[in-house]
Amino acid sequence: MARGPGLSVAIAEKTFPSGSVPLFSGLRLDIAPGSTVAVLGPSGVGKSTLLRLVAGIDTDFSGRIVVDGRDAALAPAPGFVFQDPRLLPWLTVGGNLRLADPALGVEATDRLLASVGLAGRQDDFPHRLSGGMQRRAALARALAANPRLLLLDEPFVSLDPALVREMHQLLLGLLDTGGPTALIVSHAAEDAARLADRAVLLAGRPARVVADIPLERPRRSRSEAEIAVYRLELEALAAKTG
Amino acid sequence: MARGPGLSVAIAEKTFPSGSVPLFSGLRLDIAPGSTVAVLGPSGVGKSTLLRLVAGIDTDFSGRIVVDGRDAALAPAPGFVFQDPRLLPWLTVGGNLRLADPALGVEATDRLLASVGLAGRQDDFPHRLSGGMQRRAALARALAANPRLLLLDEPFVSLDPALVREMHQLLLGLLDTGGPTALIVSHAAEDAARLADRAVLLAGRPARVVADIPLERPRRSRSEAEIAVYRLELEALAAKTG
Amino acid sequence: REILVLGLQESGTVLWEIEALQALGLDEKHGIELQIRPLADSRAGQIALQSGAVDVILSDFTWVSVQRGKGTEVAMVPHSLAVGGLIVPADSAIGAVPDLKGRTIGVAGGPADKSWVILQAYYNSLTGAALAEDAGARFGAPPLINELLGAGSIDAGLNFWHWNARAKAEGMVELISVAEMLAALGVAEPPPLLGWTFTEATAEARGEALGAFLDASFDTKAVLLADDAAWEGLAPLMGAADDPALFAQLRDDYRAGIVAHYDPADQHAAEQSFALLARFGGSDLVADQTQLAPGTFWAGYAR
Amino acid sequence: MRRQVLEALSLPLLLLLWQALAMIFSHRLFPTPVAVTQEIWLLASEGRLLADLAKTLLRAGAAFVLAMGLGIALGIVLGRTAWADRLFSAWLVVGLNLPAIIVAIVLYIWLGLTDLALIVAVVVNKVPLVIVTIREGVRSLSPDYDELARALRLPFRRRLRLVAVPQLMPFVLAAARTGLSLIWKIVLVFEVLGSDGGVGYRVGVMFQFFDVTGIIAYTASFILVVLACEYGVLLPAERRVLAWRADRA
Amino acid sequence: MRRQVLEALSLPLLLLLWQALAMIFSHRLFPTPVAVTQEIWLLASEGRLLADLAKTLLRAGAAFVLAMGLGIALGIVLGRTAWADRLFSAWLVVGLNLPAIIVAIVLYIWLGLTDLALIVAVVVNKVPLVIVTIREGVRSLSPDYDELARALRLPFRRRLRLVAVPQLMPFVLAAARTGLSLIWKIVLVFEVLGSDGGVGYRVGVMFQFFDVTGIIAYTASFILVVLACEYGVLLPAERRVLAWRADRA
C-alpha cells in the first residue's frame, strides 16, 4: 500500500465567533508521510479543533492546511474518530460502517467488527451497545474505508485495559503494514509511548507547540522498558504544562 | 452533614428486551452508608446498567434495589454522571447546573464551576465547551444539589493528568467531609486506588461479582506508595478477567 | 308588530324588493317587523333555516320538493319567475342553439344546474343529439362565467338572469332565455323557480305573521311592476348607481320575473317543469323524485 | 400482538360510537353508519361514486406528490440558506395565508376551468405549509451529524438519504399526514368552485338538497381510501423507517 | 445587520414584483398593490373593513388558542401512551379528513348560527392537525434526556418546560405557523356558511360580484395582521427560544 499523505498545517489564526482570544495564532506543524503523531495537551487547549481543521470539516480559519498537496477540505475522506462515538442511531452498526464504505461486504464487516471485539453485532442498533462498545464501533467505522489519513480523538477511552491492549495491537498492525499517516489525541501517555513515532504537546492560549519529541525507536521493536521510559518522559512533560 | 444512604442491590434478573442471555441474574451487592465503591469490569459487562438500576432510572428488572430503606426509584435524586456528558444543549452551563438544583445561586454556581476548572463559563452553551470541559460540567451538575448518593460513570475520562488529580482532590474533599455514598465506574485503577474504600469487579454474562476487595487504609492517609500498591493489585485483577 | 326573521343573501336581488317594501312602509301597514339576517351565500341560507336561526329564506322549488321527499317539512310561496338564458358575444357565429355543436359553453353552477339541464333537453329536442357530447361544457361560479365570456375563452355562457343583464349591458346578446326553451318544450307558463321558504312548524305557529309578510311582498311586487318611481331609490343597491343602461336592463328583466298571482291549487307549470328536470337532470337535480312533492307550494296562502 | 388488536379495534369502536350517538339523537341529519354503508353501496353500484372518487383521488394524488416534492425541496433550501430564508420570509407568510378562493379565481381565469388549473391551485395552496414544516426540520438537523457527513465526504445523495432524511422523517410524516387531508379538503373546495365531477362537486350538489347521508357516504368512502393509505402505506413505511426508535423503547 | 436588511426587504420586494406583474398583465381582475392599498383605505374609512377584521381576528384568535392548547395536550398524550395512540389511530385519520362542510352543518344545526358554533367548528377542524404534528415531536423526544430528567427527579412541570418543550419547539413552531394560516382559512369558509360579518362573510359577498380588488384588499389587511404577528411575536420568540441553535451555527 502507498504511504499516507504528508501534512502541512499553517494556521494564521483560528478564532471561534464567540471567543475573543484566538485559539490558534501562527501555528505551524509539518507531518511526514506515514508518520504517527500523538497530540497531547490539557483539556480545552484545542486538540479536537485541530483534528477538525486537518479533516477539512472546519474551514473557518485563516491560513492553509495542505494534505498531500491538496487543501484539507478537498483531500479524500480521513478515518475520523470523534471525541464522542457519533454513530447514526437509525443505522445498525453494520450500516454505520457502510457509511464510510458503501462497498463493504458482509465478510469484511464481520472481520472488522471482530477486530474491535464486536463480532456478531452488525445488526444491532447503536443504542444496544454499551459506551465502550460504541466507541469501538466508531473506531471500526474510521478504519472501514482503509483511509490514508487517520484522525483519532481519544479512541481508547471507556475501554478496559485488556481491550486497550488489543486496540493497540490492531493499530500497530495497521500503521506498520498500511502506513497511513495518523494523528492520535490522547491523555494517556501510554498510547503515545506505544503507537506514536512523534509526540506534539500543545499548551497555552493561543495554543502553541510547546514540545515536539521524536520517539525514535521504531514502535515494533520497542521493549516494554523503552515504552515505560517514553511514557514517564511524556507524563513528566505533560505535568509541567497541565 | 448526615451520612449517605446504605444500598442493598438484589437483582433476580435483568434482561434487555432484545437480549437472550440475562445481563444480571441473581446479583447481590450491599453497600454500607457513606462508603465509596469502585465498580470495575470489562467493557459491556453491565456497569452503566447497574448504575442506572441503582439510580432508579431503569425499573425494568425483577428483584429489589433498596436505597436508604426505600425503593431506588422513590429515593431522592442521586448525583449522576452519565457515561456521556448529556448536557442539555438549549441550556447554558449555569442552566444545566440549575437543572439539578433550581435554587443554586450565582455564587454557588461560580464556586462549583471554578472547582472543576470552568470558572466564568456559566453563560456559555455546552457546544462551546471542549469534550473534557463538557464532562467536567456534567460532574459539576452531579454535585450541584449536594446529593447523598453519587453515581459516577467514568467521570474522569477526557481529562489531562493534572485535571484528573484536581478532580481527585475535589472528590476526596467531598467524600470525606460530606460523607455521601458513592459508586464510581472507572477503567483507571488509579481512580479506585485513590478514592475508593472498596472495589467490586464484575465479569461474565450474566455478570457476577468476581472480586470484592476492601481498600482498608482510609483514603486520606494513603501514601503514594500504598496507592501504587492498590493500583497494581487492581490492575492485575482486572487483567485476569478482562 | 310581530317580528319575522328573513335570511337573505347579502346583495342578492331579493333585497331590492325588501328595500322597496320598507321604503313604502308596507311592513308597518301589514303589522309586521322584518329583521334581515344577511347571508354570504345560498348554502348559508339552508343552514340558517335548518338551525332555526331564521324564519324565512329564499330557495328554489326543487330544493323544497326534495326536502319534503326526505321528510323535512318545508314549504314555499313563489317569489320569482326570473330565469337565465344563453348568452353570446354580439358578433358571435352562434345564431341558434344547434350552432353550439363543437363550441365551449360556460355554465354557471354545475352539471346539475337547472338551466343547463333545460338547455340540454332543448338541444335534444332540436337535433336529437346530446349537447353534453356535442359541445364542451365548463362549469363555474356565475361571475367567472361572465369573466371568461368577456375574455373570449368560452363561446357562450349560460348564466343567471341578473348576470346576463350585466352582460347584456356590456353588449352581449341573449340568444334564448330558459323560459323560451321551456315554452318550446311544452311548458306553456313560466314556472315559479324561486320562492319564500319556511318550515311548516313556522307556518303553523306563525301563520298570521307569515301571511302578513306575503301580503306585503305581493303588494310591493305590484308597485315595482307598475311604478318606475319605486325603483328610484334602488339603483345603488342594484350596483347600477351610475349606469342608467344597466339599471334599466336590470329593472326590466326583474319585472319580467315578477310573480303577480299565487294559487296553490294550480301548480301545473311547476309540476311540468319538475317532471322535465327529473327526466333530463336525474338524481343530481331532484334526488330520486320524478314528481313535484305534494305540498311543496304552501296551501295556507293564496293571492 | 396487542398492538394489532388495538389498531384493529380503533375503527369499529368509532363506528360503534357513531351508531350509538345516531340512535340516541335519531335526527334526519345524523344518519347511522348502517344507513351510510347502504348509501355507499347504492351510490357505488348505481350512482357515480366510483367515478367521482377516481377523479378526486387522481387530482388529490397528483397535487400531493407535487406539493410534497416541491415543498420538501424548497423547505430544505430555505432551511439551509439563511439569506434566502430571510429574503423570502414575508413571501412565505403571504403564501400561507392566501385564501384558496383567490388562488382559485386567478388560476381559473388564467388556465381556464381545467384539471391543470385545479391541481396547480391546490399545489400553490399546500406548498407553503410543507415548506414551513420541513424548514423547521432542516433547522433542527444535528450539526454533529453534519460534521460526520463532511468528514466522511458523503456525496449529496447519500448524505440526504442516510443522514438528513432520517432526521427529517418526523417532519415529513407530519407534513404528509396533515398534507393529504388538507389537499383533499382543498380539492373539495375547488371542485365546488369549478369542475365537472369529483367528490367535492358531488358533495356540493348534495349540499343543495341537504342530503347529509349522501355527503357522509361520499366523505366516508374517501376516508376509507385514506385509511387504507394510512394502514397500508404510511404506517408500515413509518415502522420500517423508525424501527430504530421502536427498538429502543 | 445583514439579517435585518434582508428581512426588511422581503415584503417590499414582493410588492414590487406584484406591481410589476399587475402592470404587465394589466387586467381588471389583477389589481396593482397601489389600487389595493387605496381600496383598503377606502374600506377601512368608509366600509366595514375594521369591524369585519376585528370579528375575524377574534374568532381566529380564540380558535387558535383553543386548538393549539388542546392539540398540544392531546398530541403529548398520544405520543407518550402507545395504547391510546393505537386505539385512536383511525379516529385521528377520520378527524383529519372530515370536510369542513360536514362539521359546519352538524355544529351550526346543533349550536345555532353562533360564534360559539363557528369557533368550535374551527377547533374541531384544526385540532387533529396539531395533534399529528405534536405527536411526531413527542415520538422523537430523546430517551437520553428522558433518563436525565428521571435521574434528576425533575417534577412534571419543570421537566415539561426545561426538557420536553425545547425539543418540541420546532414542531410547535411548525404547528403554530401552519395553524394560524389554516385557521384563518377555515374561519373564512365557516363565515361564508353561517355568520353575519367578518372577512370571510364579506369575501363571500364580494365573490358574488367578483370584486377581486375588494377581496384582495380584505385578504391583504388580514395578511398584514399575520405579518405583524410573525415579525412582532413569532420570530422574536423563536429567536429567543432557539438562541442556542443560532449560537452554534
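Each chain gets a letter, A, B, C, D and E, in the order it is written, and its residues are counted from 1.
Here, a contact is a pair of C-beta atoms (placed from the backbone, for glycine too) under 8 Å apart; a residue touches a chain by one contact, two chains touch by 3 or more.
Please read these numbers as outputs of a predicted model, since none were measured by experiment.
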Length of the shortest touching-chain route, subunit B through to subunit C: 2
Touching subunit C and also subunit D, the following chains: E
Chain pair showing more contacts of the two, B-E and C-E: C-E
Interchain centroid distance [CA atoms averaged], subunit C/subunit E, Å: 38
Chain centre separation in whole Å, for subunit D relative to subunit A (CA means): 48
Centre-of-Cα separation between subunit D and subunit B, whole angstrom: 50
Between subunit A and subunit B, centroid-to-centroid distance (C-alpha), Å: 28
Set of subunit A residues in contact with two or more other chains: 18, 84, 127-128
Sites on subunit D at which at least two other chains make contact: 29, 105, 109, 143, 207, 210, 242, 245, 247-248
Residue list for subunit C, restricted to those that touch at least two other chains: 43, 50, 141, 144, 147
Subunit D to subunit E touching residues, read off their complex: 2-3, 6-7, 9-11, 13-14, 29-30, 82-83, 86-91, 93-94, 96-102, 105-106, 109, 128-129, 132-133, 136-137, 139-140, 143, 170-171, 173-174, 177-178, 180-182, 184-185, 188-189, 203, 207, 210, 212, 215-216, 219, 222-223, 226-227, 230, 235, 242, 245, 248-249
Residues of subunit E that touch subunit C when the two form their complex: 29, 104-105, 108-109, 112-113, 191-196, 200-202, 204-205, 207-210
Sites on subunit B touched by subunit E in the complex: 52, 55-57, 76-78, 80, 82, 84, 86, 88-91, 95, 99-100, 102, 125, 127-128
Residues of subunit D that touch subunit A when the two form their complex: 144-145, 147-148, 150-154, 158, 162-163, 166, 241-242, 244-245, 247-248
Subunit D-facing residues of subunit C, complex: 43, 46, 50, 63, 66-67, 70-72, 106, 110-112, 137-141, 144, 147-148, 151, 153, 283-284, 287
